[in-house]
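Chain nomenclature is as follows: A, B, C, D, E and F, assigned in order of appearance, with residue numbering initiated at 1 for each chain independently.
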Amino acid sequence: MYLALVIAVLVALVLVLTRALLGPTIYDRMLSVNSAGTKVVILIAAYGFLTGRPDFVDISLLYALINYITTIAVLKFFEYGDLGSGAYQEDDI
Amino acid sequence: MNPLVTLLPPLLVIPFIIFFGERQKNIRELCIFIAGGILLVLNISLYQNFLDGQTIVSGSITLFDGLKLYLKAEPLGILFALLASFLWIVTTLYSIGYMRGHNEKNQTRFYVCFAIAIASVMAAAYAGNLLTLFVAYEAITLSTFPLVTHSGTEKAKRAGRIYLGVLMGGSIVLLMPAIIVIWWITGSVDFVSGGVFNESEVSPFWATLLLMLIVFGTGKAALMPFHNWLPNAMVAPTPVSALLHAVAVVKTGVFLIIKVIVYIFGFDFIASTGAADILLVFAAGTILLASLIAMTKDNLKERLAYSTISQLSYIVMAALIANTLAAQGAALHIVSHAFGKITLFFCAGAIMVALHKKAISELDGIGKQMPYTMTAFFIAAISIIGLPPLIGVWSKLVIAEGAIEGGQLWLVAVLIISSLLNIAYLLPIPIRAFFKAAPIEGDNYQACEMQEAPLACLVAIAITTLGCIVLFFQTHTISELLSLI
Amino acid sequence: MFEDIAAIEHFVVMILLTVLIVLTLGIIYLKDLLAAVILSGLYSLVSAAIFVAMDAVDVAFTEAAVGAGISTIILLGALSFTKREQKPQKHNNLPALIIVCMTGALLIYGTLDMPSYGDGKSPANSNPQLAQHYLQKSPDETGVPNVVTSVLASYRGYDTLGETAVVFTAAIGVLSLLGLRRRRRQEDPNLTPRQRRRQQSEDT
Amino acid sequence: MEFFALYNDWAVIVLMMAGFYIMIARHNLVKKILGLSIFQTGIFYFYVGLGKVDGGTAPIFIEENEKLTEAVIYSNPLPHVLILTAIVVGVATMAVGLALIVRIYEKYGSIEEDEIQAIDEQEQINDHNGHADH
Amino acid sequence: MNKQLEQRHRVVQVITKFLTPMILLFAFYVQFHGDFGPGGGFQAGVIFASVFILHGLIFGEGRTRLVVTPNILRISMSLGLLLYAGTGVVSLLLGGNFLDYSVLASDAVSGQHWGIFVVELGVGITVAAVMISLFYCFSSNRFLDRIPFKIQEEE
Amino acid sequence: MPYNIHFPALLIVLPLMAAPLCVIVRHSFFSWLIAVVVNICVVLFSVSLLLQVIDGDVIRYTLGGWAAPTGIEYYIDTLNAVLMVVISIISFFSLIYSKASIQAEIAPQRYYLFYTGWLLCLTGLLGIVITGDAFNVFVFLEISSLSMYMLIALGKERKQALLAAFRYLIMGSVGASFILLGIGFLYAATGTLNMSDLALHLVDADQSRTVIVGFSFITVGLLIKSAIFPVYSWLPNAYQYAPSAVTAFLAGTATKVSLYVFLRFFFHVFGSEYSFAEMLLGKILMPLAIVGFFAMSIVAIFQTDIRRLLAYSSIAQIGYMFAAVSMATEAGVAAGVIHIINHAFIKTALFIAVGCIAYRLGSSRIADMGNLIALMPWTASAFIIGGLSLIGVPLTAGFVSKWYLVTAAIDSGWWSIAIMVLLSSLMAIMYIGKIIEVFCFRKTTENMKGADVKEAPLFMLIPLWALIIISVYTGINGSIVVGTAELAASQLMGGML
């Protein structure tokens, strides 16, 4: 059951990866990397259950978080060429 | 008495030299005289003590692994120290005249380095073991390096480079490993009469190699092909050439070789292994070759330099014959050549100061302008050639006897040929001076007037010339000392 | 049953390693550094998955947080100060290739004699004073069920002290190089003189 | 099984060497740093692979578990600890390296090693000429 | 323009604000549960830092600086290391060897437990502070706040 | 309980704790003061440790109270005790020197970072030397390396310093990664990380290919770290462009520490039998070392920048050390250790002297240093003494090392090595002679006329002359260094306890 899941996720991962490598635009890569991250999250959770260590869900959680932050960072870099800018916060500060 | 005290006068005078500096030249030079006088007195009293049968040895510093530095007086060293300290005074006298007459710059540095060099020579003379001698040897190289490059011209710097390269390079690349090997084989670098080697330890091949390392590594002995530095170093002020490159520096080189042969290898060892045979050829070759080159040189100081190379090889050769008589001859030749050659250099310097002439071809007829100088030159030249009644004759004679005793008859032939060569390159100079007419053209109309060097120079020249003569009659004192080897 | 799980583990690791190799090739060939950085982020995520498959959950945790998170972010930060493009590089560096191939061959030579992957009897896994000691005595000696934590903080606590010092050193290094204060911006023609002055005062 | 094990070993080596290659062959400084991190990741697999025990599980003690009650095998925790340290070292090196790159870019205006080298050499020549003028 | 931009990122901002406490909680969980599950001081530090990094990304680094000032970072990264080394020194003063936690409490095991706890805390503090300051160093140093920046052209 | 039982731990922890303290204090003078005070303590601790082990004892200090292979331990014998003394003394003097020198080189608001980095570097170097655990070597190697990259890059206006630091970082990371990989292979073969334990296990396993490969990787990694001939490229730039105090510190310690690790691994862990008889390490290293000291001496002659010249000379000197060690005899190792110690003091002194000169002159080009003996007599004469020591003139420390090097070479029948060493001294004469000539006989150049060149500040001269006096003293009374080095060598060759 979990085994099938693991294999399926692996297949999906490989598919997503081709897009990341071939992706003509940066958006393709970004998107595929993001979804590859999601695949990895599922993979680890599934793997944890497969080998009988459900507490590995912690790790999946972290992955999801990191994936989110990384994606935000890349997008921000992409849009503004800069990570820490907050110019649009003018009136907030 | 501690031989270490002989280092003190030249070292203690340095602060005074620096203190008085250029401002009070007279006091500065007075200080040097006083120091020289004290040094001479100390050396003489050491000599007396030694004759009284005392062992004269200083405390030792242990470097590492049982290697020690210490001073110890023995006949050769005492002779050398006496010679150097006496000539220091004379040279100081001379250099007062010369340096002032020549308006040299940086006189203070000159005198300081000079004093350090003399101190090092004292250390070399009384060195108790080979390592101490080596240290002193290096100290002499370093302290005389600024003297060679004194004028600071491009030529002087080049000479300095060659000087440092050959002397220090030779000593570190050749001499130091030789010392290390000696230490490694025998576990001792002390000077012991009869030598520290025995035949079972070292094969003839290695013995030859070791001896070659030492003789060639001692660049100061200027054995060909390591002679190149000496003619180059002649850019130095003449007092330097005179004292250091006729007496102190080069003599330290041959002194080292004599000491090694007498006290490290031992005559028997050299005789039985035949270690010196090849080197004798080198030495003989240098004697003849340098004489021949000397004949081609027109620059007076350069000719004298080649003459020095040739004469040094007499001493090396005598040492290499390896018997007592020859060794005594070698030591005697150190003295005789010192007096002779220093006089010649003094004269060359005097000519330079008085007439600004350097080339031999310019010297025609100067006998009238500088009669005293040229007379002294003539006497010294005869001494070098080896004619009585001058000291030079004894040393050549003793060396020849030694050669005969050592069964090396061909060396006697070499001596004779080289004496002829000496005549050929030295005598023409006074002959030109006295018997050739001065060139008339140009502004040399004054050529008939006397135009001698400063008085200080003349006095110095007179003293050394007298030395050549007096010592002829006093040789027994030296032989007495040397018989204690 | 163990056999099965082991096979699955091996299989998963194998697939993921292949993925990594493909990613690495991508990083080598991509000229767009941003894309390379994105791929390296993915690389870290995948490699973290491999660590999970290799039972090294703590390592996976760290690799995800550091490799995928922090590294990517500071790489992006560095890119934002520099350039996004890599200059095309014409010649392939033959000496480098030779060195790399030799090193690789040496490594392969070395692995031939090594205990095979997953061997419980290998010296490393059976050493009674290290691996086995930790696994058997750790709960009694330290009362911590996570053996990695107990080894990290106690048995080899000194290493971890060093590790903390390394992190600290890196921070000091970056601080000294970049500084926590605002730094000079690239010359911007739009700045008013007043702004420029303010900037200069903040720069120092 | 044999094949898997061997494949894994070799794949790790390929990774390491790919990273090493980037480090020494690419001129782009950022790429070099990326190469370094790939190289180091390869080493991490190598270490962690040493500690893997077939059928084992992560070295965190399980109190009760239906599946693995008999005798739980744990993987070797020591390589994990070592690698934790090494990862931290890796990121530390990377941070310092990147900070250097930023500064280098500021000063030279380039992050390509060959360009920077050219700039440096040019400057040295200028400097030399400048001194020779005196 | 500023107003518009703010509007454009409203979703992310809200999500971030919503996530922040949860991530912080997760960080504390990883820190203090590290003895029992995967994780420990280092990982917790990074997660803790990632909250601020996320904040900085979304709201601008300038604003994060108001929350966590460089001085706090500087001091806390030092204190973390001092805490770790200090634990070692305390155990040394109490008669054990350096870093020997057994002497920290009445019995060896709980001493170890305490030691590991404190040490991990030190690691966590240092790592969190270091990671945040790395983020500060590598972000937005080129452009001052409040000065409109040019959006980089896509090539 | 004797009071000094915890000295080994304090030796490392004090500078480690002082580093964050400097960051908290964040004041240029007080951070310097902290660094100096801590450094004095470190000197005292290391001297006390040396005195404890000088009779041939070995101190083993278990960290965390876990016995050796399970936990990490310090392993202190004569070799590393004496190295710690050298490192801490050099650090101390360079630190005092740095007080004045960094004013011209580093922005004032970064002083505290400078001293923090310095303390961390000191911690790293001492940590490498003191530890008995193979992996721990890697950790502390990275502490020292990272802080070195930072210190090198700190120079104010030198952009080349940044590039030098980056190149060093790449090379250093490759080296460190190789070492890490090598340790991994050893761990795979033996299952242990403790050096003494490794030595025991390797006796059974030493035919295995795993060990051979581990051996090779550690060798290559250490060679890169110690900048031996073909992999030296990072060193000249790093030494030339780093702040002068840093150069002085690094030149005396960094490569020496790598060399120490080399000795520790190959004689202690692998055993000289394995390293040199079976793996033919000597046959590989010896040519490298010889080419190294020859080629680098020649390169040094042609340098126009005095720091670069000294940097190349350093590489050449490392060649000597490797040549000595590669003989794999007790005398050879002793000669290597003697040279490590002596050269550390000499090179640091020389770099400090150069720093003083550059401080006043604003230039480190040799051509600009005309007539320095008159302008800066104390500095110039210190430099000359140091230079003579580098040549190996008697009564200096260099003579002692050269003497032992040649004796060791002759002892083990490597006549050719002895000759090579001496020939390359000729080149040392050339490049030092070149500088001396400029110092003494060249006139002040035009572009230096305007500069107000006078004697360096007293604060710089004191450490300079202290180091010169140390090196001359060890040249005159060499038995201290020689005795310790011989003891260290015999312990090292005698294998493990």
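Going forward, a contact is a pair of C-beta atoms (placed from the backbone, for glycine too) under 8 Å apart; a residue touches a chain by one contact, two chains touch by 3 or more.
None of the values given here were measured: they were computed from a predicted structure.
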Remaining connected clusters, assuming subunit D were absent and nothing shifted: one piece
Joint neighbours of subunit F and subunit B, given as chain labels: none
Chain labels contacting subunit A and also subunit D: C, E
Of A-C and C-E, whichever chain pair has more C-beta contact pairs: C-E
Farthest chain (mean CA position) relative to subunit C: B
Distance-maximising chain from subunit A - centres being C-alpha averages: B
Chain whose Cα mean lies nearest the overall Cα mean: F
Gap in Å, rounded to a whole number, between the CA centres of subunit F and subunit C: 30
Centroid distance [mean C-alpha coordinates] between subunit E and subunit B, Å: 80
Centre distance in Å when subunit D and subunit E are each reduced to the mean of their C-alpha atoms: 23
CA centroid of subunit A to CA centroid of subunit E, Å: 22
Junction residues of subunit F, two or more chains touched: 16, 19-20, 23, 63-64, 135, 139, 142, 146, 149-150, 153, 181, 187-188, 193
Interface hub residues of subunit D, defined as touching at least two other chains: 16, 20, 24, 50, 57-58, 60, 78-79, 82, 84-85, 88-89, 92-93, 95-96, 98-103
Set of subunit E residues in contact with two or more other chains: 30, 36-39, 42-43, 47, 50, 53, 74, 77-78, 81, 85, 88, 98-99, 101, 134-139, 141-143, 147
Set of all touching chain pairs, with the criterion as stated earlier: A-C, A-D, A-E, B-F, C-D, C-E, C-F, D-E, D-F, E-F
Subunit C residues within the subunit A interface of the complex: 5, 8-9, 12, 15-16, 19, 22-23, 26, 32, 34-35, 37-39, 41-42, 45-46, 48-49, 52-53, 57, 60-61, 64-65, 68-69, 72-73, 76-77, 79-80
Parts of subunit D lying in touch with subunit F, wherever the complex brings them together: 16, 20, 23-24, 29, 32, 36, 39-40, 43, 46-47, 50, 78-79, 82, 85-86, 89, 92-93, 96-97, 100-101, 103-104, 107-108, 116, 120, 131, 134
Touching residues on subunit F, where the partner in the complex is subunit D: 135, 138-139, 142, 146, 149-150, 153, 159-160, 162-163, 165-166, 169-170, 173-174, 176-177, 180-181, 184, 187-188, 193, 365, 367, 445-447
Sites on subunit C touched by subunit E in the complex: 57-58, 60-62, 65-66, 69-70, 73-74, 76-78, 80-81, 85, 140-146, 148-150, 152-154, 157-158, 160-161, 163-165, 167-168, 170-171, 174-175, 177-183, 185-186, 188, 191, 195, 198-199, 202
Residues of subunit E that touch subunit A when the two form their complex: 1-3, 5-6, 9, 12, 19, 23, 26, 30, 37-39, 43, 47, 50, 53-54, 56-64, 66, 135-136, 138-143, 145-149, 151-152
